[in-house]
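Common to both upcoming complexes is subunit A, partnered first by subunit B, then by subunit C.
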Partner chain A sequence: MLELEGIDVFYGPSHVLHALTAHVEEGEVLALLGRSGAGKTTTLKTVMGWLRPRAGRIRWRGQDISHWESVRIARLGFAMVAQGRRVFPSLSVAENLGIALNPTSPWSLEDVYQLFPRLEERRYQAANTLSGGEQQMLSLGRALVRGPRVLLLDEPTEGMAPAIVQLTHQVVEMLREAGITVVLVEQNLAFALSLAARVAVMNKGQVVYEGRAQEFAAHRELQVQYLGVSTTGLRVGS
Partner chain B sequence: MRGQRAGLMAWGFRVMVVGMVLAAPLGLPPFYVNLSGQVLIYAILALSLDLLAGVLGLWSLGHAAAFGVAAYTAAFLAERLGVSWGIQLISGLGVAAALGCVGGLVVMRVRGLYFMMLTLGIAQVLWALAENWTGLTGGADGIPGIGRPSPFITTNSFYVFLAACFALNLLVLWAIHRSNYGLILRGIRDNALRMEALGVATFRARLGAYVLASTIGGFAGVLFAWQQGLVSPGVLSVDTSAETLLMVILGGAGTLGGPILGAVIVVLLETLVSTITARWMTALGVCYILTVLGAPQGLYPVLMPKVARVFATWGRWFGGIGDGKRARVEGDSPSLRRATHPEGH
Partner chain C sequence: MVLEQLVNAVSYSMLLFLLAVGLSVTLGLLRVVNLTHGSYYLLGGYVGLSVVRWTHNFLLATGAGAATTAALAALMFWGLLRRFLGQESAQVLITFGSLFIVADGCLAIWGGQTYTIPPPPGLSSSLLLAGAHIPTYLLLLIAVGATGAAAVYWVFERTRVGAMVRAAVDDRELAEACGVDVRALSFGVFTLGGAIAGLAGVLGGPVIGVYPGADLAVLLLALVIVVVGGAGSMLGALLGSLVIGFVTTYGSLYFPEIASGIVYLAMVLVILFRPQGLVPARGLDQT
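Take a look at the complex of A and B:
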């Protein structure tokens, strides 16, 4: 279990996370929701060790990792797919995958190439010459060959075409079925609810709601109350 | 195994071409043999700088520090203490590596302009020391009378020695470019944070590259001391640093062929144009400006495809020598696994 307990994080003088408390069960997909500016990305960065909490504890399987170097946290099996451009632009497709490759991952390079034949066609092409959708495939492929224990996904569907959103959905499903813990930050509520077992909603640097995804999906008033939107009329990504 | 045989043939071809190109100057008058030797020394220096500038994306303005310190070490040991050339070489490399280690701990904490200023500063301090600490360095007169390594005294034999050193150095750098370490360095240039998220200790990797670049730069410095027989503060000057940087930019950063081509062009232009006109600096300046405007990626990436088109088959084999960018990573690789997953995850 990954536990966050009373986390305080600052950007310079501005207080971003206020005694944030949340937990993620091993092997579950947790959707981390909230309006922009709520502190979702900050939370992910703090877990990865890129930001230092000024107070509180982060525990993984009972071990306090709040003040570990990010390299050490990565070596525990934590991986993050950040927002925006997620590839090494001047490395080739094959190099991008090779650099993330972990032999203990359930997926091999061949699996990734089978899933995304486009990537195999372009394996020797520099990643910055790929289209946005292809870069997304590459970053999903990297997440697979990396085979992390805990994957932090920051808005994977943002700005993606429907076909790519479908692919992303498929990949997160594969990760979930392999028992990998996923923290999914999403604005696309339908996408998030169709994948997650639980949701945590953030507002102003705090978790204001935690519950089962089914329950959150079924109660429109909860969605309106915490997010100001609802899934009514929205189509799930798969 | 057909693939293996084709691979062996490609290798044989590469070795032959490199060997022939390196051997070519031996038929020329001594002046040109010496000049070619100088080209090789600067090519080694430029290749070492490219490890920082091209592969890692850190533009050092003080690469002369490694070059000069090693040259002075070899000169001091040769002239004042009269030790054997093996010890001169090892000490030169050792001092350059130590400088890289200590300097790297400082300069690898910063990037961009700050990196340039710090590297420049270190080199300038060393230059001022060489200029003013007359007791140790001979001041502006430098240290003259350095002998060449014993069986390689004549112009031709010393050139052969230099060519062998150059070939060895090229092989080492080719291996680095192709290795997972090279891949990790280019990953750090693209995005260091993302590299850390993969579990790579980026500071250590960058420090390693700085020490390596410094050591190889020192290798060039020792060879320079032997070839010239004289070491003066010029080897530590900002001119030397800037000239090396120009070779890398002119030839094409991030490739193996680029810095070599840059060294050929800069050394030949300087020597040949200066025999024609006293305004050689102006001529060189114009050349640089035209190249930077016309081929901002450097001449090698522009010329190479054209050469390759002419020698269609030859070109395919050539391409494999030069361009680290096209290095291929396929399948599982034990060294990459060790680098990114040392805790067995």
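Take a look at the complex of A and C:
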């Protein structure tokens, strides 16, 4: 289990996460939802070790990792698909994958190329010449070759064409089948609810709702109350 | 005359590349200018000088010079800089202070004279090539410099470790999240950069000489090269070195009255038209 217990996080003087408490069961997909600015990205960055909590604990399988360095957390089995498709711009596609490759990962470079043939076609091209969709595939592929135990996904469908959204959906399903723990931050509610077992909703740096995804999907009034959405029909990729 | 100047320019450029490459890559990685970089050159030169005097073995001198400055760089990084990663002004102060410590140490040991390291036996004469007198030592400098440059370039651009360094220059956070130990990598790059600068100090000994103040002079040159070429990129260091090597050589030939300022003129021109340098690392484009 991944546990966040009373996390306080600041950017300089501004206090962003307020005694945030949440947990993720091993092997589950948790949808982390919330309006823009709620602190979802900040939460993932803190788990990854990019930000240090000023108070509180982060535990993985009972071990306190709150003050570990990012690289140590990565080597423990955490991987991140950062918001905005962060890739290494001056590295080729193959190098982007190669530096992340973990020999014990169940997914090899070949598996990634099979999943995303576009990446294989462009393997020697610098990553900054890829389209947004291709960069998203590269981010996903890079996370796969890490062989993560916990994958942090930050708005993977943001600005993506329906075909890429579908592909991302397949990848997350595959990870779920493989028993990998996934924290999925999403604005696309239909996408998130079709994958997640549980939902946590954030507002102003705190978790204000936790429940089963089915329940959250079934109750429109919960969605309106916590997210302010009035979506009609929950279809993936639209 | 034409060939002689060309050999001068190319050999000087190769020496400059060895001098600047470490500074450029550590700047890309740490986002801090290592002001001690010129001191590695100076210390390498002095150690090389002493070893040549004792053993008359130039090869041994280059090894000793490089090893000494590698040790100094490693000590600086592990003992001091490692604790201040991300704190840029602290790091600048540390490297600035070390500059004076090394300079005073060298002055105490080797005194204030200007020395020239004797070139290896058999390479102190000239070669008559197409009617031009070419000092054989400069040909050695070109060969060693080009080989060194090719080796460093290959590691940086073609190996997995090199890709990790470039990844860390692009996006340090993301590199760490991909399992890259950026701190260990920085240590290695810092140490290697120190070793190469020390090697340049020995190699430059027969042509530039070793003297108090050489540390600052070459630090300035290396900085100009990094500004011209663009920080954190191997191609930038190479291009910057060629530009400055050729501008210096031909500038002092055709415009002797402004020779000392001409490299800065070149730098200003580059800054005006390409503020990030000729070929910066892509991750540094925006900064």
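Observations on the model:
Note that in this section the second predicted complex is superposed on the first by the 232 of 238 C-alpha atoms of A that agree within 3 Å, B and C clash if a C-alpha of one lies under 4 Å from a C-alpha of the other, contacts with A are read in each partner's own complex, and residues count from 1 in each chain.
Rule of thumb we're sticking to: a residue touches a chain if its C-beta (ideal position, glycine included) is under 8 Å from a C-beta of that chain, and two chains touch if they have at least 3 such contacts.
Just so you know, these numbers come straight off a predicted model, no measurement behind them.
Residue contacts after overlaying the shared chain place A:100 against subunit B and subunit C alike.
Within the superposed three-chain model, A:56 lies out of touch with both subunit B and subunit C [touch as defined at top]. Shared-chain residue A:75: touches subunit B and subunit C both. In the superposition on chain A, contact of A:109 is made with subunit B only, not with subunit C. Touch criterion not met for A:133: it reaches neither subunit B nor subunit C. When the two complexes are overlaid on their common chain A, residue A:124 makes contact with subunit B while staying clear of subunit C. By the document's definition of touching, both partners, subunit B and subunit C, reach A:91. Subunit A residues 48, 50, 70-71, 74-75, 79-80, 82, 86, 88-91, 95, 98-100, 102, 126, 146 lie at the interface with subunit B in one structure and with subunit C in the other. On the subunit C side of its complex with subunit A, the touching residues are 160, 163-164, 166-167, 169-171, 173-183, 233, 281-283, 285. Only residues 48, 50, 70-71, 74-77, 79-80, 82, 86, 88-92, 94-95, 97-104, 109, 124, 126, 146, 149 of subunit A touch subunit B when the two sit together in their complex. Of all the residues in subunit B, the ones that touch subunit A in their complex are 180, 183-184, 186-187, 189-191, 193-194, 196-202, 325-333, 336-337, 340-343, 345. The part of subunit A that touches subunit C in the complex is made up of residues 48-50, 69-71, 73-75, 78-80, 82, 86, 88-91, 95-96, 98-100, 102, 126, 128, 142, 146.
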